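The same chain A turns up in both complexes below, where it pairs with chain B and then with chain C.
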Partner chain A sequence: MDMPGTAPCVCPLPGGARAQDATDFMDFGPYLMLAMLEGAVLASVLALMASGLSLVFGVMRVVNVAHGEFYMLGAVMAWAVTSFIGGGPALAFIAAAILAPLLVGGLAALADIVILKRLNYDPERTIVATIGLLYILQQATLMSYGADARPVVPPFNHRIALPWIEWGEGGLAFYFPWGLSTTSYKLFVIGAAVVLIAALRLFMTRSRAGLIMRATQLDGDMATAFGIPVERVYAAVFGVGAGLAALAGVLIVPIQQAHYLMGGDALLLSFIVVIIGGLGSLAGTIVAAVLIGMSDGIISVFFSPTLAKILATLAVALVLVFRPQGLFGGKGR
Partner chain B sequence: MTKLILPAGEGAKLHSPGRRKALKTLAAGVGAAATMPLLGRYASAQSTAPIRIGFQKHATGIGAAYGRWYERATLAAVEKINGEGGINGRPVEIVTEDDGTDPKRGAEVLEKFANQSNCDIAYGTLFSHVVMGSAPRAGELKLPYFVVSEGHHVASGALNRWTLQPGITDVKSQVQAMAPFIGDVLGKKVTMIFPDYAFGYDHRDNLPAAIAAAGGEVIEQIAIPPSETSYTKYFPRIPRETEVIYHVMIGPGVLTFVKELGEFFGPSRPEIFGFVDSIEATDLTSPGLEFLDGTYFWEGMPRYAQEDDTEFSTAYRAAVGCDENGASLADPKDVATYAHMYGCWETLHIIKAGMEACDYKGIEDRQALIEAVEAMSDMPEGFDHPQGPKRFNGKTHQTFGQQYISKVEGGKLVKVHTAAIDDTIYPDEVDYTSMSF
Partner chain C sequence: MSARYYWGLHLGLIALLFAGHFVLPAYQHGNVARIMVLAVYAMGYNIAFGYTGLLSLGHAMFFGAGMYGMGLLSYHFDAGALPAMAAGIVAGAMLSLVVGLLALRTAGVSFMIVTLMFSQALAMTLVYFRDITRGDEGFVIPSATRRLWGMDLSDEAHRYLIAWGLFSIVLIFTLWLVRHRWGRVFVALRENEERASLLGYDAFRTKLGALVISGTISALSGAAYALLFGYAGATFAGVQYSIFPLLWVLLGGAGTVLGPFVGALFMFYLIDLSSGVTDAYMLIAGVALVLLTLFLPQGLVGEVKRRLWRDLP
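So, the complex of A and B:
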């Protein structure tokens, strides 16, 4: 096992950069913590994106297959906004975080009015229509933005070495294990996702707009009878759902890069999350996102990334067999 | 719309004569098609008809950056060749098709070259899975297929007589030539990180023996799926006793990979040796890459202009439109795949030399072209071979050439070591010339 204090890494090591002792791998504790941190970043982005998917399904009963492309568009727009706005990375990033979701949300609302409304929100036909939308958005991005992966400079990014406690000879001791670190931006992503999801929850439960959305979700016909402009609500919900995906894209793009194919994996994971959590249930979505994100982080670290995907897919199958409404979903009406 | 739909009976009646007519047309078409090879032969025998080279391009998909620069190098080489009078007095024409960096599409593209766009030969492409997917089809079509892929699949004997790699060295050579430097200069205990598919396996399978020969040991091999977007979770598997990290990564995630590698180690990193693939087409001054300063890279051809560059190397740099940082003259942010694309330039010159040696007239001379290239051996350094001299092995269809090691200093790659051709030679694993056409 590792000796405490042998490899402090907040400052450059005196006398060479090598780890001095002959421990085989990282210790289990720090290793697990690193895995959980990585998982938490994935979970945060996933929760944000999947709650958009879940909201759209909950209110409109539309399975939006193009959701991953809105995530991709968010990342691409973030690249576009940050490259055309000067004034330092922080200002450019704030501009991107405001503009990208608005633009993508607007585009989605337009797609709702032009396409989904014309199909009367028929479940089968909207699936086909959103598949079409997926390809249109992806290919349009390829034709305009191109096939390259492009980076966005994070507003801030510091490496933070994390301490670990170990029971040593002199009692409890702090030390900085080799490789146990994260960045301030990754922590920011986790924090931002928590705040945004709390805000979404407040919006849905406390605001008038949220009340109207929930009323439409509960019974569209009755809502119409009470004078709620259901079609406009639908357009708004589709826009907000896409906006959430775009926001997730903006948050992730300083860690990864914007690429026209990035929506595919994200869509698959979002569906897994939404099915496990219960389509239309915000709380279920969050719980499932944390579950899937963390297990993906931990399983891929300790075993293999492929096993993590296998287990997630298996979980979906089990949920569909034994609890089709999802962990938190209510009984279908 | 509905007006056009006829009742079933009426429609059937209307269609019967039409169908007969269609059959006749079809028969005439088949007849015409049967004479096509003959016509094609006459057409291509005319001395002014262009030689058509089908270029399989990674225009989309994960290889897009390579595709863009392979095309630029290709067009620059063709401009030079045509400016010097073409091949056998005929101009060269490039027919570009997107393979989507996808093996299935790659094979379809070859078919299109052979059957639709009347190409004399096929050429191009980097990603090894596309080459693996396409080469069998080239063999069936009897279409000469010149690849610029650097995979060991050609020399390993996995492919066929119609597939050659005369313009770029393969991974086995590269690994073998790098190992002595790694073992002698950087450290004995090596952990390698590589992509989890064919190209990565060339590294996985060849490095341990090469490092052992240099007195070192590969203590851990970490494979990363090619579609991965987040890398930190793999790094805890790096053993702490590691003295050298050997990394090679490819695809749209490369910048994330090197950034996260830097964030993982912070200031206490081991020595790092990478294949430039990990940062190919990536600006070395990108934020987060500062930690690469003082690390080493293999380069097929130095991206940054060096003090001892030959006149050929400098002329080539200008011809492909690159500045002294290896970026586009038009856009300094558009960094080239400089370590690989010289292979396109050199391969096209070898195709020219081969076609001239066999007095290539048309597709009936495809076999003669293969035999002419198989007969080649040493190629001197020059404007046709700006990366350095080459030694082609006709039996294994693979070329051997110098390799370079560069060190990152002040955000630039500075050449510190040149491995000789002899360092890259390994025993033959196949004799394609004994195979039938």
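So, the complex of A and C:
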């Protein structure tokens, strides 16, 4: 980059500094890409989990504080299923991905019938009851599963080195920087989340069950008048929401170990996502999940993860304070 | 029933707790001292939640502000007990004013989430600036601070009496406040904000006043807890300590003067007994929250009020 005329210059500092800048840039690019990949994995899992929370709020108008615990239960059940079913990691993982969301969803539907239905879905009392549910699920897991973090073997886990483009001496060139790699499983998580969310969208817009859910969301009384069993719809929605969180837990557990306290951070992040995206809006939730997941991934790599969370939390609180109507589906709740 | 009866009831509890100082066995004596300080926190919470209808999920930030306002001044500057306590109370008052100005623009579910998030941000900030706050480990309050008028506050007897004094002052203050015109406006806002506004009461300023009183009393409790029991830690600013006062007040009876103490007493012993059996003692808190919302939304004292003593404050 040096101009020919300056080449004989004996002062080492400016040239040296420029070379330093160039190396920094060279390292920064691949590093950023790595951070974005990690962010994309987080965003995928978050999108799945937050769309469950958003669905429950959208249809039932209640905030489920125990949502993080359903995610944790998904991860813990994935551990349980994979350690009791033989036949190789792939088969065990598929079994976990089917069984864990079903069990967790069933449990949530039961909680809805036993607890939330009796509260008439009063918003404030429901929050208090789901806080209770949060502690019941978390502490019951501590009593049965224990306080250890336990890993799950991913169904496949090839290391994939990623290329980086560099403007070298002979023009553009590909090369593989050391350390810039991901695993096939992480790419699978991103793909799986995309497919699942597309399926959820199709289910809500094209299927009869989705139609019934949307009808209940628009006007519960009118839906009842048309013979829709609203109570059963609510139980199903609560179950599906929890099942989505559990599925997110199953997907993340081969990357992050299963631990009984893992629900807390996940709940905070999903709250942030659904509030930024607008509670109850599925499309907004996805956009916000990508935004928050990517920026959390990037900020956490370059700065402190705690600082990232503090800033995000404050930002969201202020969004709620100053734009409550826009973010709570138009109603001044 | 006339005022004489409920003054008798509340002063009777104060006298009973004073008598407890002389008769309680050592272990229960320590527990009751702790419960009285926590009941101050619950009474502070009750002014916002029980009387004004402001369901906050972030009161731990006020408790933590009191604790750290007092603790940090003592830890870094060797302040005496009174200036350190004053710092904690002022920190809580200012924080509740700022949080109130922002959060009271929302209501209901949004208010719950906004207070939760502010509180989480404070708890994470305490962990983040570990050079100043010692992060997760917390710190022991230096013994220089834990002296007042020649008394050693780490001594069991002094500790109980100071806790009893604070408890009595806050209980009588609450009883006075809720009988006063202001307290009645709080209740009017809880019952029907629109109607109270139509009658000419400024809803925002009244709620702000209630939240600042509530936050300041919570901070007093946090500061006293650190001073008397000698430790400040980030756990006390965490979600769990926002849930506890809600649980105590719900169990005892929201919107009753005695409810917070009764709730704190019962819950403390429930958790104390169950933690002897299992590590998962928060299970009790969870079960209690669900059962209370389902079957006893008025709480214990609230049931007494509903069935037997309708004008119990």
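For the reader, a short list of remarks on this structure follows.
As a working rule, the second predicted complex is superposed on the first by the 294 of 333 C-alpha atoms of A that agree within 3 Å, B and C clash if a C-alpha of one lies under 4 Å from a C-alpha of the other, contacts with A are read in each partner's own complex, and residues count from 1 in each chain.
The criterion applied here is as follows: a residue touches a chain if its C-beta (ideal position, glycine included) is under 8 Å from a C-beta of that chain, and two chains touch if they have at least 3 such contacts.
Keep in mind that this is a model prediction, so the values were computed, not measured.
When the shared chain is aligned, chain B comes close enough to touch A:Gln256, but chain C does not.
Shared-chain residue A:Leu107: touches no atom of chain B or chain C.
Of the two partner chains placed by superposition, chain B and chain C are both touched by A:Leu142.
Of the two partner chains placed around the shared chain by superposition, chain C is the only one that A:Ile127 touches, whereas chain B remains out of contact.
Contacts of A:Arg118 after superposition on the shared chain: chain C is touched, whereas chain B is not. In the overlay built on the shared chain, the residue A:Thr306 is in contact with chain B and with chain C. Once the two complexes are overlaid on the shared chain, A:Phe271 sits against chain C while remaining clear of chain B. In the superposition on chain A, contact of A:Ala161 is made with chain B only, not with chain C.
Residues 142, 147, 306 of chain A are contacted both by chain B in one complex and by chain C in the other.
The touching residues of chain B, when paired with chain A in their complex, are 59-62, 64-65, 67, 225, 227-230, 232-243, 252-253, 255-256, 263-270, 281, 286-288.
Listed in rising order, the residues of chain A touching chain C in the complex are 63, 115, 118-119, 123-125, 127-129, 131-140, 142-143, 147, 264, 268, 271, 275, 304, 306-307, 309-310, 313-314, 316-318, 320-322, 324, 328, 332-333.
Within the complex formed with chain B, the residues of chain A that make contact are 7, 9, 11-13, 17-19, 21-26, 30-31, 34-35, 38, 41-42, 142, 146-149, 151, 153-154, 157, 159, 161, 178-179, 181-183, 255-257, 259, 261-262, 265, 297, 300-301, 305-306. Chain C makes touch with chain A in their complex at residues 55, 57, 102-103, 105-110, 112-114, 117-118, 120-121, 124-125, 127-128, 239, 243, 246, 250, 278-283, 285-294, 297.
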